[in-house]
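Letters A, B, C and D name the chains as they come in the text, with residue numbers starting at 1 for each one.
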């Protein structure tokens, strides 16, 4: 059998571990071969490939990023290119395609599947917002980096009795903010799922100092936004999925809090450090198991599906279900922070 | 309401995070009070306590170990002391006891529950061998430390074309070895669940060098043992649960491999570094959620149970079920290493 | 003897280790006592103190920040308050004052010394810009955090063929940028000591991609500035020492590079994570030795001086010499990057 | 010009960074070429080489170990092979040889230099025992790993009121033990330079518990030995330099302490994790600068020397001076631990 692999969307710690796992499983367990398409769907559209054998994936387990490269392609281009992609796959004798990616990539995978291409998807998102799987690889690494950084900020905030805001990734889902906030003992966690009232945030900050607390650490998801009318946030246009964006929310909230509370506020925007570098052991295991089970599914003819973590097992779920909606932070999970914030 | 807390058995990263979570949840969400018993069951038997309020748990989230202390108590002492423990609990007006511990502690918790003490257990084991929960806190930290160390061993093994064996914790269950082996790209993983044939291990080592591979990394659970008759292992007596023990398995396997393959072998026994230090972000979140949900269960009168991770949710399972058997590595999970070893 | 301690200026990993070292040395080796002044010079001006004994410094070795608190005080306030400070010191029977801090703090220490107060200074700056000492504690931690973050950025930059700019601390001296750039393999290092030509920077970026290189990592000191007329940089006013400041240089350079090269540029501003958290082992040793030797000097009557690292030894240098000028990156040291950049 | 490079002795974090630095400096700054000899002096004796250009050293900065391989060769073999080595060097047109290694390698370099081969040595030892240089790369990484591990042991020791002994590297010099002990707050540091009295060690342990301290952390250099007659230590034969060795000193001291104090003692032997893995930022900078300055010296005809760190500068010292004696821990430096132990 011949397997095709590509990585789509933003890069993520664990992508290389998945690629290695697919290649090692296919070649050592089934005697199959693997071909990689470069720079995500673009490589498939433009017929740019790279052979992948065991030697090619040596050392990839611990390396962040994707050796195949990645690029974002507009959804309409993908729609228009379905036939071209089928042709390229056929030319290379690909029996099953394993695309690794997030919402956009899995939606494209679903489309290809609908037009008859055997596909097994592998979910990837540091934001953890893909539905039907308990977790995705990359998320634990992102939370881990954010937590380590927030741990560092506690001591500097304490020493100067400051407010420190950390902006973490998560445009539509606040999972990184929620988990890093819980893990690092943040006093304030703002997520996209629940618009914040800037007056209430200022009150929490003021109350802490009034009670004699030494400092305030706030974790702010980049997609968090104020209740309409309470604070101005710079318009960031519309993203590739048509969602409205804001930019610099932590910075602007910081300025607002300085004004309202009279306290010094410092802001750190973690940015791309959350998505780079070697994956945590958790993500390496999950990525390896995803690659393994996707390859087994490909050989078992179980296509049109996505691998998913359910409890301790890797299972298969229909691609259609997986892309039906984003998995966002529920009010119940958000309420779990109540005992630890304020 | 008044909650009692104790930590039993070996220490584990996340214990302090659980204690903090119980105290913060009980006091800030319910207005309840919390009392801690020192050094595990011994503190309850000997009436040694410490008050626990929000100030007392400040800073505990990130600290390894247990501020309450821990000690192992012989099962027969616990059996004999049930009435004494009830008396002490009554004297302090404890409404619900939350014991945090492994197999031994949860068994004792179950006994207490059987004689009418309201108990909510919290599972703790770096070995991940407690049944009925997907994972326990401390395990991710142990795997993470082991993985980081094995990452380091790769480069030194390569430079000298050596075999490096790493002995990790896991007396009855090979979960740490399995996960650290997968995460760090070990070429060999030996677990207690499947006795190894030393001739086969020597063959794997020899074959790798014969193929031109630069080095061999083997992960050996401390409880791994050779097939009877294939290698001598030092008898380590019988542990507190009556299980037979061996000691120094990695060291002895190393000597045997040097003899059989003519290759240089070095052995590292990670020991207590796996159970010390600050917990990973994963374990901090899990420990915090366990503490929160156990405290909620205590206030809801849902006793005689243990909190457990099931998928992404924290649920309750009867203590009787949780202590019925150890959770060991299944042949299916072990088979997942096949594509990555040898 | 009675020692007074205070920590001035921005906080820095290792401050707590110095405080612990002074206290342990004074009490266990000399039977002396130690008193701390809170929030830097302000505590001395306002007579706010805290007793410091061995129990009070337990656990401080590994903790970032300063348990004494710190605050910046305007130089003119310090000048005006010299007599008040002498009075407070006398009231507490302080024989020698050990102020720990950077340029500002050591200048104030020198002033106090000039008016007859026995003072032994300890240099502190994550920027490493204090003269007459090979290194200061905090610098290694800052470089280490920056390096770890840049390591992470390499893989994400590669995967998307991007330019990633990292803004690190260093307003007047580029030591953090120089060392983190060397340590993390940056392709571009911009420091305050040598204004950059934006056209030249754009050329380096363009040339790398033209040669087929996958990405560009640039390290930019916050105090780096463009050659006049080549790029607009936001005016950041004047700092407490009267130096002109710019803000957001990396962000603005990034926008400029996108425009000029057509490549995607992402910017990360590391901010306060560089000055928080547990110190590296290097900084813990240096901080401990500084505290020890300053306390010995105090007891030996060697005052009006500052401890300094010279090779492997801790020596004493006159405060007057130490504050005469900032230690900046020399052209020779900058030239060492030539073989590794571009 | 043509430069030859080899790495001798045990591997060490930073070796690859040196190789990269030599190659980049020689090729980009001088247009020279570089050839590597495989597995240390053995490669030079047996004429096994590998070409080294900029592409070959890509990615080496952050990788532990040595891509050239290393092996220990008996001194008499080196003596006997001097002529063969000269022939091999001539055959490859090598103008200057840059051997990177410890005591053994630099002694061999000195021999070659004496018979007319232009040599520039680069000192390498994680033990930091090479004379005439403030520090060697690899040492900071070893101390850093040991410190991180000892940090972890504190919490587990505390929780169970145990003694934890950590055996670190250092057969003849106690620098790693000294620095890791200072950095991690050990209560006891044993080095080869000062034989210990086991009764005194037992007293220190007993006194701590008698005073109510929760635990004891001891750092033991592998080459530490008891005063004759106070404790039995297993004979480990004689090493390659003719020095007598003991083995398992920490383990045996631990058993002795359990017997004498009645306290639980656990021992961790860190082993090869101290010499593997990615170098710290400090070691990356030092290794890079050593490689750079050695290459400059080679091109300047300054041979028969070794690069050395002196303060903040890289200088040259005669090989003869560098190998005249080992640099061991002085009584003065050892006395610096007094305020922090016991």
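In this section, contacts are C-beta pairs under 8 Å (C-beta built on N, C-alpha and C of every residue); 3 or more make two chains touch, one makes a residue touch a chain.
Which chain is which protein? Per UniProt: A, B, C, D = ATP-dependent 6-phosphofructokinase.
On a predicted model such as this, the values are computed, not experimentally measured, just so you know.
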Chain D and chain B - chains in contact with each: none
Computed distance of Cα centres, chain C from chain B, in Å: 41
Where chain A and chain B are represented by their mean Cα positions, the distance between them in whole Å: 30
Whole-Å gap separating chain A and chain C, where each centre is the average of the chain's CA atoms: 35
Per-residue multi-chain contacts in chain A, two or more chains: 148, 151
Pairs of chains, among all present, that meet the touch criterion: A-B, A-C, B-D, C-D
Chain A - residues contacting chain C, complex: 10-11, 13, 15, 63-66, 69-71, 145, 148-149, 151-161, 164, 266-273, 275-277
Contacting residues of chain A [partner chain B, same complex]: 21, 24-25, 28-29, 61-62, 134-135, 140, 143-144, 146-148, 151, 179-180, 182-185, 278, 280-282, 284-285, 288-289, 292, 310-312, 336, 338-340
